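Here the structure is laid out as structure tokens; the discussion comes afterwards.
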Amino acid sequence: MKVVIVGSTGYSGIELVRLCEQHPHIEIGALISTSAGGETLGEVYPHLSHVHDSLSEWSLDLIASSGEVVFFATPAGVSSQWVPRLAERGLICIDLSGDFRLTDPGEYRSWYGREPAEPRYLEQAVYGLSEWNREAIREASVVANPGCYPTAALTGLLPLLAENVIDPGTVVIDAKSGVSGAGRSAKVPLLFAEVNENVRPYKVDGHQHIPEIELGCRRFAGVDLRVSFTPHLIPMSRGICCTVYAALTGGVTTDDIQALYREHYDEAPFVRLRGPGQWPQTKDVTGSNFCDIGFHVDERTGRVVVLSVIDNLMKGASGQALQNLNIRMGWPETAGLTGSPVYP
Amino acid sequence: MKVVIVGSTGYSGIELVRLCEQHPHIEIGALISTSAGGETLGEVYPHLSHVHDSLSEWSLDLIASSGEVVFFATPAGVSSQWVPRLAERGLICIDLSGDFRLTDPGEYRSWYGREPAEPRYLEQAVYGLSEWNREAIREASVVANPGCYPTAALTGLLPLLAENVIDPGTVVIDAKSGVSGAGRSAKVPLLFAEVNENVRPYKVDGHQHIPEIELGCRRFAGVDLRVSFTPHLIPMSRGICCTVYAALTGGVTTDDIQALYREHYDEAPFVRLRGPGQWPQTKDVTGSNFCDIGFHVDERTGRVVVLSVIDNLMKGASGQALQNLNIRMGWPETAGLTGSPVYP
Amino acid sequence: MKVVIVGSTGYSGIELVRLCEQHPHIEIGALISTSAGGETLGEVYPHLSHVHDSLSEWSLDLIASSGEVVFFATPAGVSSQWVPRLAERGLICIDLSGDFRLTDPGEYRSWYGREPAEPRYLEQAVYGLSEWNREAIREASVVANPGCYPTAALTGLLPLLAENVIDPGTVVIDAKSGVSGAGRSAKVPLLFAEVNENVRPYKVDGHQHIPEIELGCRRFAGVDLRVSFTPHLIPMSRGICCTVYAALTGGVTTDDIQALYREHYDEAPFVRLRGPGQWPQTKDVTGSNFCDIGFHVDERTGRVVVLSVIDNLMKGASGQALQNLNIRMGWPETAGLTGSPVYP
Amino acid sequence: MKVVIVGSTGYSGIELVRLCEQHPHIEIGALISTSAGGETLGEVYPHLSHVHDSLSEWSLDLIASSGEVVFFATPAGVSSQWVPRLAERGLICIDLSGDFRLTDPGEYRSWYGREPAEPRYLEQAVYGLSEWNREAIREASVVANPGCYPTAALTGLLPLLAENVIDPGTVVIDAKSGVSGAGRSAKVPLLFAEVNENVRPYKVDGHQHIPEIELGCRRFAGVDLRVSFTPHLIPMSRGICCTVYAALTGGVTTDDIQALYREHYDEAPFVRLRGPGQWPQTKDVTGSNFCDIGFHVDERTGRVVVLSVIDNLMKGASGQALQNLNIRMGWPETAGLTGSPVYP
């Protein structure tokens, strides 16, 4: 099946290219780049010079005629305008930006500082947290691919919320991220000399992934809550680690938690659970679509600590986008995503 | 004044050498190294080959006769045995290990898995969190220099606890540390290829700095509490960032918090406060003795988030040790510690 | 076809596991580990916990009965003893160590400081520089897989030597390597805090890859020479960059060089040539089996500068080992090695 | 004495600030910044928020009236215009840019692609390679502070050239540099995600430091030569390692080389020589003004390999600038520069 990638020269875009090249059922129909249309992919990214694809300027007609699926790996504010028109032409749209993740237009406006897509499209889009929304994804015309932080946070948090073993009013999410999540934009704070040998907290007063996390809790666990969420930039290229803290409801044991995670994820090929006393590190998932989860029940404080790690460009973006397409098409969920983590 | 450094070939040890070389009132009397006694410092560390000091084997008599002050930059279990005997000979002892930080022998035994020092010495030792204990340090015979995590955590947390603006039962401390804190020991998890491109949570089920933090809260804020504390290893050499979360008591505003930090630290030359909307990064303090603090009052959740950053080898170890000696001797608190952070 | 990996818990070993898992014609018959026999792979490397293989103790019989091919990813001095006995039992042996790369026993003894394999086996082993020795590899019983530095250096150098466009007496090879090449051994100089923010030249007085490079020049270009070779350790996990300098013979132009590289590598799926004015970086090949080559004809000095980059664990070790097995078996040379570089 | 720093918000600029703050005879008179005039230093660089200096807009009169010395830490093309006018007003000018390093206007034009300063000023400027030009620096009105690569390369190379122990026609300089040398400019190739896990050769076809190195060889060794020079960007913030290769003239021994380095640098407080079999690493000098040198006489090839390492922002820029001012003023050459390297 032919796919089109819009925004193909960003980091998520080239990760999609890498994955599509390995996918048994996918062929690249067109690569769209507003910044480098007319060049070849290898001119922009010599590491892909063996992929003999050329980059095309933006053109709705070209996209519509080049594939049955279109991925948007674009900044906020792009897909909101174009996805509806492509969906209407019958393309399956998988949007890696935040434009279709929030259903409430006012919330989008307030957190993103932009005009949202039309409400009916917001409602129609299916939130693509693969493990929690497979049924809806199977029928989706538009998939709102989750953000990197919400993917890691929700995958760790939802089983606990859904089973009522934590107090929703006490959830704290402390996140550490590699810098590729910020994209390939020439900004001083992203320079090597600024990021290296540094931990930098940012958007401490409010990151746009907060409402997405909270909406996910409502959607999939039926719980209304407000989370504390603090992201930190870490000197690495890939990887997110979410450390989630919450007060346990009475009498919950390590075995209980272990059991409920098993129950929720036993059929999930990309979620790997660690046993008690073992915690994942981001390097355990680099280059792969895995989300690894570990936890600790702290009897001293009555809290549980959950560690959830992903590769932000894979399970946090392009990998999950492919996983969602696999689900949508009825292909094996792991098709094209069977590569092991690259270590070290 | 002559000082002796025991454990002078560890990372804290050579940081003490670097600082003592720059200090206007200090001369190195002897450098003790059990692993490299007999060699010169430059043979072990060529970066210090201009410092023409030789390393001596361990000898109680040599130490006692070579200086008026002795620093122990040794692993747990060493100073507990020797500090009492050197203190009895009249030396001022500044212990950078954890051996004299906990006053309760049982607690030491349980968290460190070793036999503690004799109780009367544990009681006699003065906890060297400089900004909070100056009076006692001035008279101290033995200074228990604080751990790196407790220094960052307590400096950020104590003003809030002392002023009763947070609920002590809700304190969560999420810590990120560079790898030099683990010392210069040849272990697989500390290899470059393992640490690079990685965030690794560790000791999630209990780090020995937890009772030290909690004791600090009792000592300096009179508050009994149990904190959640999760350390993470980050791919950098130096730096600690503690992100502290706590529920605010009713009606506390940004201005209140700003005011109480100002009040507590206005006379503290090494604590720098950030204004609202600004948060420190670890790179802001690298190579210096500063502790930089920022915070955010989150009205959505009713929590405050505090960011506290230090250089773990400076304010988190050797820098604070010198600061404590300055206080003890009545020298200017900043003597030998005026170097600005090295950036980038 | 079933393969056995000896030394499966080293970095080259787990890279072989990763590649074999993706290979269309290969199944893992046994994983041998002297340090972790009896454990599962996931216990040693949680990132591979989805690979449900257990590690076996060393056993010649087990190896011989578990596969038709055996990879040795072991330190020097192991395969020299065992490869002959496994080859005699009919297994195809691919040795990633240096034990069969030098044909002269005295040379091995002098550079490796150990006893070499029996001379008749040294002679029988086929040097597995894939692009230059395909014919012999097709018939090989024992493949001596090249070292990481020789692979990068020879791939860049051989076309120039073979075509007599450089003066062999002037060859200087300056190499920069990531730290994974040193293996997963707990040594102080490999600690993160030592490697980070550092360039460290090492073995400046003689690296054991020198005779291998010189022998390669004799074997494939018929040229006897002595090269200067200086390796440098760089703060990165993967990647080698060899910068090769040599005086040009008269009248050689950029076009000539470009043409001769093209000629030599046009059929080589893993060698990618850069055009004039473009030079490869190690990141262009990370995670892949590519060797990227660029060059500059410097008219000011009459020298050519060649840049040759590889991923040391892939084309410099496990990737080329698989490539050699592909050649040996008559499979497509790229089977199981089609993954694009992982970027960034 | 009061000094003015022009370009004070670049990396060399803030390094000058850091050094001036520690210098016993220097006071900052004014900090000039075209990009941030009107702000405080702490607003641009919070790590310097304890330095209560404000940044001033560019003003010739302000500069002339605020100090007796002016440092230009500006990009190429700025000081060429302003240094003459400030020198005429009697200020000592120390220019960290390349504008006064080449005496031949045509050469400047060709390598820098800009108009040079007036020839009479080019001639009048004294090249500030401290160890080789002390006499002239003592009288200088304008000091052309050397480039980072030329400092490392020439310090290692000049003793060999001056003593005629190498063949000048065979000099190859392979350089590895941290990224801070490229300044704080928002460019994609300097992003963390691009530099991390990467070695990137650049300007392989000609770097503007080549004529400076060659002129240095003429100036201080009286040798006319053309060097091969290839710079590589390395994933670290600070540090340069120059690896220099040259053919030895007949009969030169390790002892000879050791002796001639000793002779040349015995009085040089910032040059540290390694003994045979030992080579410096960049980390040995981080944060300090040292240049560490090691070498190897390779009897196999008849070449010598010299390793020369510096901190590019210190001995390669701001440190040497202060050293030159110390020489110019008759202060101790090490004044304000006695800090040991920061390790690790």
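Labels for the chains are A, B, C and D, by order of writing; each one numbers its residues from 1.
By our rule, a residue touches a chain if its C-beta (ideal position, glycine included) is under 8 Å from a C-beta of that chain, and two chains touch if they have at least 3 such contacts.
The structure displayed is predicted, hence computed values, not measured ones.
Farthest from chain B, judged by the mean position of CA atoms in each chain, is C.
Looking at B-C and B-D side by side, the one with more C-beta contacts is B-D. Centre-to-centre, using mean CA coordinates, chain B is 46 Å away from chain C. Rounded to whole angstrom units, the spacing between the C-alpha centres of chain A and chain B is 38. In whole angstrom, the spacing between the mean C-alpha positions of chain B and chain D is 36.
Looking at chain A, residues 11, 178, 180, 193-194, 196-197, 235-238, 280-281, 283, 286, 344 sit in touch with two or more other chains. For chain C in complex with chain D, the touching residues are 170, 172, 174, 176, 178, 193-194, 196-202, 204-206, 226-228, 230, 232, 234-239, 241, 243, 245, 277, 279-283, 286, 294, 296, 298, 300-301, 303, 305, 307, 309, 344. Across the complex, chain A meets chain C through its residues 11, 14, 17-18, 21-22, 45-51, 180, 196-197, 237-238, 272, 274, 278, 280-281, 283-288, 290, 292, 338-344.
Listing the residues of chain A that touch chain D in their complex gives 11, 178-180, 184, 186-188, 190-197, 235-237.
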